[in-house]
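Two complexes come next, and they have one chain in common, chain A, joined by chain B in the first and chain C in the second.
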Partner chain A sequence: MNLSNHVTTAALERYATGGAGIGADALWAVEVHLDSCAPCRERLGDAVARHSPETVSLLALVQANLASEVARSPRMHSRRLPRRISRWAPPGLWPRLAMTLLVLAAALGLDLAASSQAFPSLVLLVAPVAPLLGVAAVWSVGLDPAHELVVASPRAGLNMVLRRTLAVLIVVIPALTVAGWLAGESPARWLLPCLAFTAGALAFGELIGLRWAAAALALLWTAGVITPSVLAARTPVLLEPASLPYWAGLIAVIAVALVLRRDAYTGLRSSTWFVR
Partner chain B sequence: MVRAVSAAETAATTYAWAIHAEALRVRAGRRMAVDGLDLSMDTGVHGLLGPNGAGKTTLVRSIATVLRPAGGTLTILGEKVNGRIDLRALRRQIGYLPQEFGYYRRFTVREFIEYIAWLKEMPAAETPAAVQRAIERVGLTDRADDRMKTLSGGMVRRAGIAQAIVNDPRILLLDEPTAGLDPDQRLQFRALLRDLGTDTCVVVSTHLVEDVAAACTDVVLIDAGRLVHQGVPADLAAAAGQDSGAGDSAAERGYSAILRRHRETQS
Partner chain C sequence: MTSTDEAHLVRLIARGDRHAFDELYRRTSPWLAVRLRRRCADDELVADVMQETYLAVWRAAAAFAGAAVGGTAVGWVWTIAARRLVDALRRRARDGRLPLAALAAPDAPAADDEVLNVVLGDAMGSALRRLSPDLRQVLQAMVLDGLTVRETAVLLGVPEGTVKTRARRARIALREALS
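Presenting the complex of A and B:
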């Protein structure tokens, strides 16, 4: 270390003991230098420890008092899991996801009990509408207590809705895959219909509210496909591999509609936000 | 800690009023709850008074940009909200306490307000300090790490006010904020309002005429979706005059006298 560019040891010692005997201009120069020079600050610490016991005891007192104050004041951070997850899924979603898993377990149980090849797999029949129970809770006044706060926030909008929908799918699709595998159904048969119903509920929800849209679509599928298939004991043509291209096309159309009317998710449902 | 002031905040404003409505019409369900309202509000505390169903909540919701105007114009911070605009930048400058303040019961006060700060797109680095400041301003410091479900009604209300002010909004909308507060808390709340009103446009919707008389710099009285009267709180007391309207205080008598005169001229 080139000492000619730094504060001399004598000046530092005088500074550490209160600055007696240093001129105002020299004092200023010492402080400016200390401000920007870590090695000299370290030397100052040594000088204080050696030459100024009263400063050392004062610092120890301050530290002891501060430590007890800090221990009593509320903590700034408590990193807990719920806070992170809530950014993806509102708390009201969990009971609905649990219910979805129960329904799937029941369908799987019936499938395994029936075990006749002629009867259509219930897991396969339920799969397209399985996410709707959770999707309904993603954006609705009744199921999210802080809904009005969420809707009024800058983050409100299609992005937020899609983010929460993803949280639903991340739980439901693996569960469906496992149930389908146990029931002997390949994901290829139900994945596209499942995504089409999810996207359809979101798009339809821009018109009549997500909760009603999900309920209407689930009812439609139950009445139009599940019931006739169970009564006739055959797999519906809609879930045959041949109809997959149609499902893909439907998803594309729905995606366009979803994006075109995205403003609906930045306003309250009682509004006529999308009527111009 | 002093918060950092951004360049956007110190920039000169290019608009005359924080909130400006002309012939504003807003629908609530099938009803036109706000119907031809003209109103201008700037920095200060504005007490929004009116009978039940006058359109107070609908007006506050439309200023919060969650209800789109059905007609007329509404300009907030110089931005016209009628057209198809990006509301994000505008909403970052608005604080809103809805009439039915819903919250997540299992969250602590701090977690809930941090969640709202995240929804308001505040920078993650500033959030903990801003949350602590908001909690201190409403006097909930000792309950900050308690779950929301353990709070009393008045404390929940204060948590609601804290979430509204966490982003240091330019426009603060409080819909019935004094419901459930005890007399002492209401006094503290009025002091907070006066403090906020020095640099923020605060709109307080309320039924309580004495709150308005005590804490507001401006009184806005609406009835059936239209502006009836706008002036300083002293006007209310003056309007009472020798009129023997219903009410215990001069301000309450003035309120009912203005409302009655307005209804007589309408019919």
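Presenting the complex of A and C:
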């Protein structure tokens, strides 16, 4: 087949009108050539315009219908970026992260509004439990539509949970640092408690499901520390620099427990009976 | 105006460029309409298939832009159109409407093929010409249009077993002609 020669105008016209009169071999050659030759397709368009009124009216009809259809048609988005992100974050994570940042912003706003020195900093009080909202989403049946698929994948387990938790912390800790700096609190006071609560939620989550573990710990901190501190208007002992070694010890214990029970995150059982 | 231009247009469409879509339609729709009309005698059906095809191009352009495969944009459009045509025929068959004479009349051997200077090689060309229309249709659907046996059966309105038999007979005939 000679592709360097383009299709003759006569052949194109005969092809365009759809009639007989082209041998099978020539017809094949024309179609194969048109597949790969834009100028010949252009010339075919001219031939159609001149010799095939039926095709022209068909094209006009389709174009008119398309104009309205296209205007209200949903479109598929490029999937490349989300696929890379989904290795680090389940689909339900974004609203949780946004809410976490909102809570921080609210605490910071209250801090800045009530700048009396006697009142304990709300940012400092919220900081240890701030990541829990995000952590609750990293491994739960209810929030991840593909949870069963994720669990069945070779990478499932503690590795993936930690990876997703890291993604949460990467967002939350800088935000906390900025908020703490604006409120005049040093990160040293809340960083270890914050890590302890994150790791504690993961360890506790192996027993009762991550969502419930995060909720329980957040509730415990709110009832046991935030509320009394606000009512008594003093900084809690737990967040004094003197108690930091105890937090470090707690983290070590939790880490050991987490590693010992790491298999709990490879199955669905840890979350099925409690969630929903 | 090379085929890379069309691929570029599809990438622009993936970003929601309406003008690129109109340009792609202007460039490829006459070719697609003629090619479909040569395979389906029902203009209403051809219009439906074309509309579905370009709508699919508009919606799923990201799938082409994302898949950095070697396929050309025009080949991609044709693949969508061929599948949509088969789907439409299948729908019709299910609705119990008459199995249309889908194909345009088989082409008569032309006397003045010399007006064409693109022809297949001599042996292949004459073998194709001598092939009976039934066998040629099967080859055309499977080789030229890239359809599967099942899709070919729907397009031609014959059982799958017949398609397989005809494909085998066509292969034998071509091999004999070429030997």
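The rule we apply is simple: the second predicted complex is superposed on the first by the 190 of 276 C-alpha atoms of A that agree within 3 Å, B and C clash if a C-alpha of one lies under 4 Å from a C-alpha of the other, contacts with A are read in each partner's own complex, and residues count from 1 in each chain.
One rule holds in what follows: a residue touches a chain if its C-beta (ideal position, glycine included) is under 8 Å from a C-beta of that chain, and two chains touch if they have at least 3 such contacts.
Quick caveat: nothing in here was measured; it's all calculated off a predicted structure.
By the touch criterion stated above, A:A26 is placed in contact with chain C alone, chain B being left untouched. Once chain A of one complex is fitted onto chain A of the other, the partner contacts of A:R72 are absent, as it touches neither chain B nor chain C.
Of the two partner chains placed by the overlay, only chain C lies in contact with A:L58; chain B stays clear of it. Of the two partner chains, chain B is the only one that A:V150 touches; chain C does not reach it. By the touch criterion defined above, A:S36 reaches chain C but does not reach chain B.
Once chain A of one complex is fitted onto chain A of the other, the partner contacts of A:T8 are limited to chain C, with no touch recorded for chain B. In the superposed model, A:A16 makes contact with chain C only, not with chain B.
For chain A, the partner that touches more of its residues is C, with chain B and chain C as the two candidates.
In the superposition on chain A, the residues of chain A contacting both chain B and chain C are 74-78, 80. Considering their complex, residues 1-3, 5-6, 14, 16, 18, 21, 25-31, 33-35, 37-38, 43, 46-47, 50-51, 54-55, 58-63, 65-66, 72, 74-75, 78, 104-110, 113, 115-121, 124-126, 128-129, 131, 136, 140, 144 of chain C touch chain A. The touching residues of chain A, when paired with chain C in their complex, are 1-3, 5-8, 10-11, 15-16, 18, 20-36, 38-39, 41-42, 44-45, 48-49, 52, 54-55, 58-59, 61-63, 65-66, 69-70, 73-80. Partner chain A is touched in their complex by these residues of chain B: 27-29, 61, 64-68, 70, 84, 87-89, 91-92, 94, 96, 98, 100-108, 110-111, 114-116, 118-121, 128, 132, 141-142, 144-145, 163.
The touching residues of chain A, when paired with chain B in their complex, are 74-78, 80, 82-83, 86-87, 90-91, 144-156, 263, 266-268, 270-273.
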